[in-house]
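By written order: A, B, C, D and E. Residues from 1 in each chain.
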Amino acid sequence: MLSGTLREDGRDRPATTEDVLAALAGHTFFWLDLDDAASDGTVSELLSVHFGFHPLAVQSAERFNQRPRIDDYDAFTYLVARGADPDGSGRAEVHCFWTDRYVVTVHRGDCPALGEVRTRMERHHAKEAASPQIVIVYLVVSALADTFFPFLSKFDDRIDALEDDILKTPTEAQLGELFDMKRTLMEMRKVVAPQRDMMASINAGVTDVPGMTDEAAHYFRDLYDHLIRVADMVDNYRDLLTSVMDTHLSTVSNRLNVVMKQLTIIATIFLPLSFLTGFFGQNFAYMVRVWLSPTWSFFVLGIGLELVAVVFLLTLFRRRGWLGGPTV
Amino acid sequence: MLSGTLREDGRDRPATTEDVLAALAGHTFFWLDLDDAASDGTVSELLSVHFGFHPLAVQSAERFNQRPRIDDYDAFTYLVARGADPDGSGRAEVHCFWTDRYVVTVHRGDCPALGEVRTRMERHHAKEAASPQIVIVYLVVSALADTFFPFLSKFDDRIDALEDDILKTPTEAQLGELFDMKRTLMEMRKVVAPQRDMMASINAGVTDVPGMTDEAAHYFRDLYDHLIRVADMVDNYRDLLTSVMDTHLSTVSNRLNVVMKQLTIIATIFLPLSFLTGFFGQNFAYMVRVWLSPTWSFFVLGIGLELVAVVFLLTLFRRRGWLGGPTV
Amino acid sequence: MLSGTLREDGRDRPATTEDVLAALAGHTFFWLDLDDAASDGTVSELLSVHFGFHPLAVQSAERFNQRPRIDDYDAFTYLVARGADPDGSGRAEVHCFWTDRYVVTVHRGDCPALGEVRTRMERHHAKEAASPQIVIVYLVVSALADTFFPFLSKFDDRIDALEDDILKTPTEAQLGELFDMKRTLMEMRKVVAPQRDMMASINAGVTDVPGMTDEAAHYFRDLYDHLIRVADMVDNYRDLLTSVMDTHLSTVSNRLNVVMKQLTIIATIFLPLSFLTGFFGQNFAYMVRVWLSPTWSFFVLGIGLELVAVVFLLTLFRRRGWLGGPTV
Amino acid sequence: MLSGTLREDGRDRPATTEDVLAALAGHTFFWLDLDDAASDGTVSELLSVHFGFHPLAVQSAERFNQRPRIDDYDAFTYLVARGADPDGSGRAEVHCFWTDRYVVTVHRGDCPALGEVRTRMERHHAKEAASPQIVIVYLVVSALADTFFPFLSKFDDRIDALEDDILKTPTEAQLGELFDMKRTLMEMRKVVAPQRDMMASINAGVTDVPGMTDEAAHYFRDLYDHLIRVADMVDNYRDLLTSVMDTHLSTVSNRLNVVMKQLTIIATIFLPLSFLTGFFGQNFAYMVRVWLSPTWSFFVLGIGLELVAVVFLLTLFRRRGWLGGPTV
Amino acid sequence: MLSGTLREDGRDRPATTEDVLAALAGHTFFWLDLDDAASDGTVSELLSVHFGFHPLAVQSAERFNQRPRIDDYDAFTYLVARGADPDGSGRAEVHCFWTDRYVVTVHRGDCPALGEVRTRMERHHAKEAASPQIVIVYLVVSALADTFFPFLSKFDDRIDALEDDILKTPTEAQLGELFDMKRTLMEMRKVVAPQRDMMASINAGVTDVPGMTDEAAHYFRDLYDHLIRVADMVDNYRDLLTSVMDTHLSTVSNRLNVVMKQLTIIATIFLPLSFLTGFFGQNFAYMVRVWLSPTWSFFVLGIGLELVAVVFLLTLFRRRGWLGGPTV
């Protein structure tokens, strides 16, 4: 069963094979949006048999999770555009077939970006300036590209929160999260960078697209500007994540220093004191008889000596600034 | 309400819609500088309806915090230039619309760079050499680019101060500051790098600009030279920050070494001594009776042995150079 | 003895020197696939004497473990293509000689990719669109390129498993494994990157290949797209491995912190307590006679003081959050 | 007061304004070398009023610490060349104005490179092959470029010395020095890299220079070769400094290991021994009466047990290789 | 005294000035190979006076340890090629002067690569395909490039051995060796990278060389392929060395963990035990009289309590997995 929407003369209706064939036979511009969620071959049959697209392109249109690219076939142009898709659902990927007379888009499941295109299409200023196929392609790629910004904005906040967390208490769970974030960025980069390069090649005129005019070129330049910003942000966040990782290591090392300083202070105070008490706990007859028997000797040797030791050590620590605070 | 300044024949006056329309209808060159702080649509209406600029450009002019770029439309050239804006106020961003007959600049709030342009314009040598629109654009971009230098100079000092601080006492607050500085540099890079590339493309003749002459090209080369220096400095500071981060980690590790050495010295001296006192504190009848009862045994075993142990250990430490100083 | 397969008119038969010479003398397109496992010079003799290929190319065809490349000789094109070959067996390397009239491939041992080419050749849609030599080269390079994906997918899983392992228990064996994985990626990069560049140069028209048509170009673009994805994945995994290494170091440091905290807690509790018991173990006559003889003094000084010390220290630790859990 | 040297017909004399004007009016080639140490405007007045150079170039010639570059004006070429200037004195910077008929160089203070140019000029083989202005520019840039080599050679030695020092005793002072060296390299890179690119653009014919011939081009290629070597060395040293930093961290960590091993050995030997002595120091009546009263029990329990413990622990350490040496 | 070999008509003889002049005056192709080990000016005199080479090229030919490059003079081509020279002897550096009629090579001391050229020249297949000067240059550069492979193969083994060593026992000597290896690679890169770029520029036709034909181009492509492989390997090894450095740091940190765990175990067992013995070693009259006098109290309190403590702690350690093995 074919599932999709056919738009002709500004009106949308569910696409049936008959309507599509009629539109194909007519002379009006139309946009056919197909949902390939079923993956049962209906879509690919339609594309290869009735539209007569090149088998390589049809084959590619059936497989999702593709690298964004633009391929210029003799009779049509094939373009893969993608948006932010953090949960890997594949719903932010659109494949466009695109000639002078019609545009066919293939998506999978509920693609929010395409819904937005439909609502924006009627009132968008591009409508007057450029040919209809350019308007559709521009709006599709633009809607997909716009999905990156809220995603990256959340990412930005997450990095800041992580940095703050780490400076407060570094944990191992944060290391795992950093790794996951790095991976997410890499997935994103794989989607964004080729899309940016694709727009660059269209702008430079290296790739010819049907319906392109001087006027339409402004819209592609606009897209390029959006995508280059997304790509720059992805690169920046990657750099920042490395920085956060370094902060983690440095903070952990710093904390270790604090712990060790405390251990050293405790040991430096109590090991000498224990020695002193041990000394006067020996069973030397002379010491017991002569040194330890007078009453004053307890206060002078037993308590006085130890107080002297404690005062001396605390003075030493204060001078080295070790008693200042919890930081090193 | 329109807020801005109209400059015609070398005289400035507050811009009213009527004056602007009159200037537009006339044949004299004029410069209209608009303040879009209100963001109430007056500016965009003027630009799209009366000046007839392309909707994409007008839309872009209304949004601040844009990536610097230059777009060549049929009837005009649209340029976004930015300066250093550490507090994110958006006051160092100017959007220029620019044709053979006039220049329109849009800024937001009080933009110090534009004020400077006005004072420099009368007496600047560029006035004689280049067309008026080139002079204005050159002075605007130049004034914005010059705001980077004092900012970077402070940044430079801050890096040096931080490095010195860290070598004196590494703290975790410094890690947070390093991260903030890295972020600031990234924001800056996002503003500087595209501006530099924009100038490179103008210089290479890839981008055509209205009013460009051989003579005017010298001014753009000068701008390029300024921006490439700023971009190089940003890259260098990024590198230096990584270096400072490494210094932090190494210093913390070094300090840990010092602390541990002290702990080890204390433990190595007092653990053996405590063993000795413990030994002579045992209740073995033979030891108490035979070894510990003579008076001399206290001085030889109780004090002598321990002095020997201390002297031996101190000699050992001195040989290993552990008693030299506070550094490792 | 010649070992190989001669394919003419869609039929395969074992290649004998006579058949090859007959095919060479005829006018039908043929594909000769040679197995150079023996390396006894038969293959190189055939190539240089009967086919008359350039000595440099023949020499190169005899040596395996080559850098993928394409060389354009006057009479033929020489291409080296490679697939994933984790155990270094050399069975994923094919050398193609390729003219308008025939294709000669040289491999070593049992090359699974070539087997696949044979089964796919009959029913592949490229057959109708492109010249036979392009179909063969496309299918060979494509089959070799497809061997990378399962390999990289396993690699991906291995990285994730390693990261999880490290966060659970960092060991030194993992460091060795990380190093081995990095090395494997480098070997892979050496094979993939030149192959991608080779396709880029064919697509850009820098390198001319026999039998190339507009239609055939689509197939090479498809190959390019595959190889660029593989190359990007290799680069990403390299980056991730560095990240995993950093995680290892940070985790080890973190664990050290946990251990040291435990040592510090133990020492901070028991060193003061030992001092107290040592204090009351001294042999001062006054202390023994006056302080320690009443019954209550044992409960107050001997047990009470120590309980007070323990309670005080535990309260201190709880406040610092040191008793919270196994993480720092 | 004008301070400088005028060279005409192979003879040098102090430059006076009259002589300069006379030379300018004449038809002989001359070289005017000006010292702008006073910065009192005399030089810029001469350049702008009498020579009629472009105000942008004159303005630039007055400011030192500039980015090396070459600017092609209609009537002249303006070039900034710099040498190694570790103390930031600005004495290794020369600004050249350069036409078919004369060369004007501006420097500040005592510039050793210019002195060398004068002595080399008479006997240099370039004299016969190229036009006089090319010879002067070549010799000036060449003399400045040659100042980098001794400086970098000292830098190289310093890196090696630092690495050796760190492996002997890592200190925090070395971290500060590493940072300073990194900074110096960055300053250097800012001077060298644009100079190299300048020569590349001259060699590629992108930048036209007056008096350039095929023959003269060899000299600029020679300069390019020198500068590319300097730039490569700067990059290499930057890499090496990072390596030295890593060595510092690893060495400090290694030393920590040594210290901790010693602490662990001491504690592992003396804590059990102290326990034993503590055990036999208890006041249990039974133990004192039965176990500790026979003479042999002292030798067996008091001394024997402890010897057994020590021997056991030393054997354990030896097996783990902990007693081998000072390294881990 | 001139030291070198003159090859004319396939025969070698020691070069004398007379013979060289005769060859120069004749019309036969000849190859003059000069040894400049003496550096006494004979060679440079011959080159500048009799051959009339450009003074810049002659000057360069006299200095060894040069950056590989190719310079195209009007009458001849000057090329510097280098091989692996780990001990810096300068014996793997050849300077070629090269025209349509002869080739002059200058080397210093005993250059093994040149010897190999002589033996390979007679029987090499290039002889029939390309002009004699191309054959000589190809063979010289090829012989020099081939010296890199055995060197890099040894380097590869050394890296693996070092990684294994570090995982077994990390020492500081390894850090020094890593630094030395990094330095060696850098020296190598300085020699290889420009050589690769030189071949790339010859292949791309940017640099014209005398005697170049379509046929000869294959040989230069072959050289390019060799050099790009060497350059890639150098880059890979640099990356691997960084990895080995990281392994060192991680291993040292890991070992520290092991040591600290042991210290913590020892302290956690013996500090509480010592407290217990200390407790019963106090001189409280009540405790001594009531608690410690019965025989059973020694077994219950003196031995029983301590056994309970040890069992409790060992159970705790086992649960945390601390008694598992020597790794963390």
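In the analysis below, a residue touches a chain if its C-beta (ideal position, glycine included) is under 8 Å from a C-beta of that chain, and two chains touch if they have at least 3 such contacts.
These numbers come from a predicted model, not from an experiment.
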| item | value |
| --- | --- |
| Graph separation of chain B and chain D (steps between touching chains) | 1 |
| Any chain that touches chain C and chain B | A |
| Fitted rotation between chain A and its twin chain B in degrees, CA, nearest 5 | 70 |
| Distance from chain D to chain C - Cα centre to Cα centre, in angstrom | 38 |
| Distance from chain E to chain D - Cα centre to Cα centre, in angstrom | 24 |
| Contacts with 2+ other chains: residues of chain C | 249, 253, 256, 260, 263, 267, 271, 274, 278, 281-283, 287 |
| Category of the chain touch graph - line, ring, star, complete, other | ring |
| Round-the-ring chain order [start: chain A; next: chain B] | A, B, D, E, C |
| Chain C - residues contacting chain A, complex | 125, 129, 163, 167, 214-215, 218-219, 221-222, 225, 228-229, 232, 236, 239-240, 243-244, 246-247, 249-251, 253-254, 256-257, 260-261, 263-264, 267-268, 271-272, 274-275, 278-279, 281-287, 321, 327-328 |
| Interface residues, chain B side, partner chain A - complex | 54-56, 60, 67, 69, 71, 73-74, 169-173, 175-176, 178-179, 182-183, 186, 189-190, 194, 245, 248-249, 252-253, 255-256, 259-260, 262-263, 266-267, 270-271, 273-274, 277-278, 280-283, 287-288, 292-295, 297-299, 301-302 |
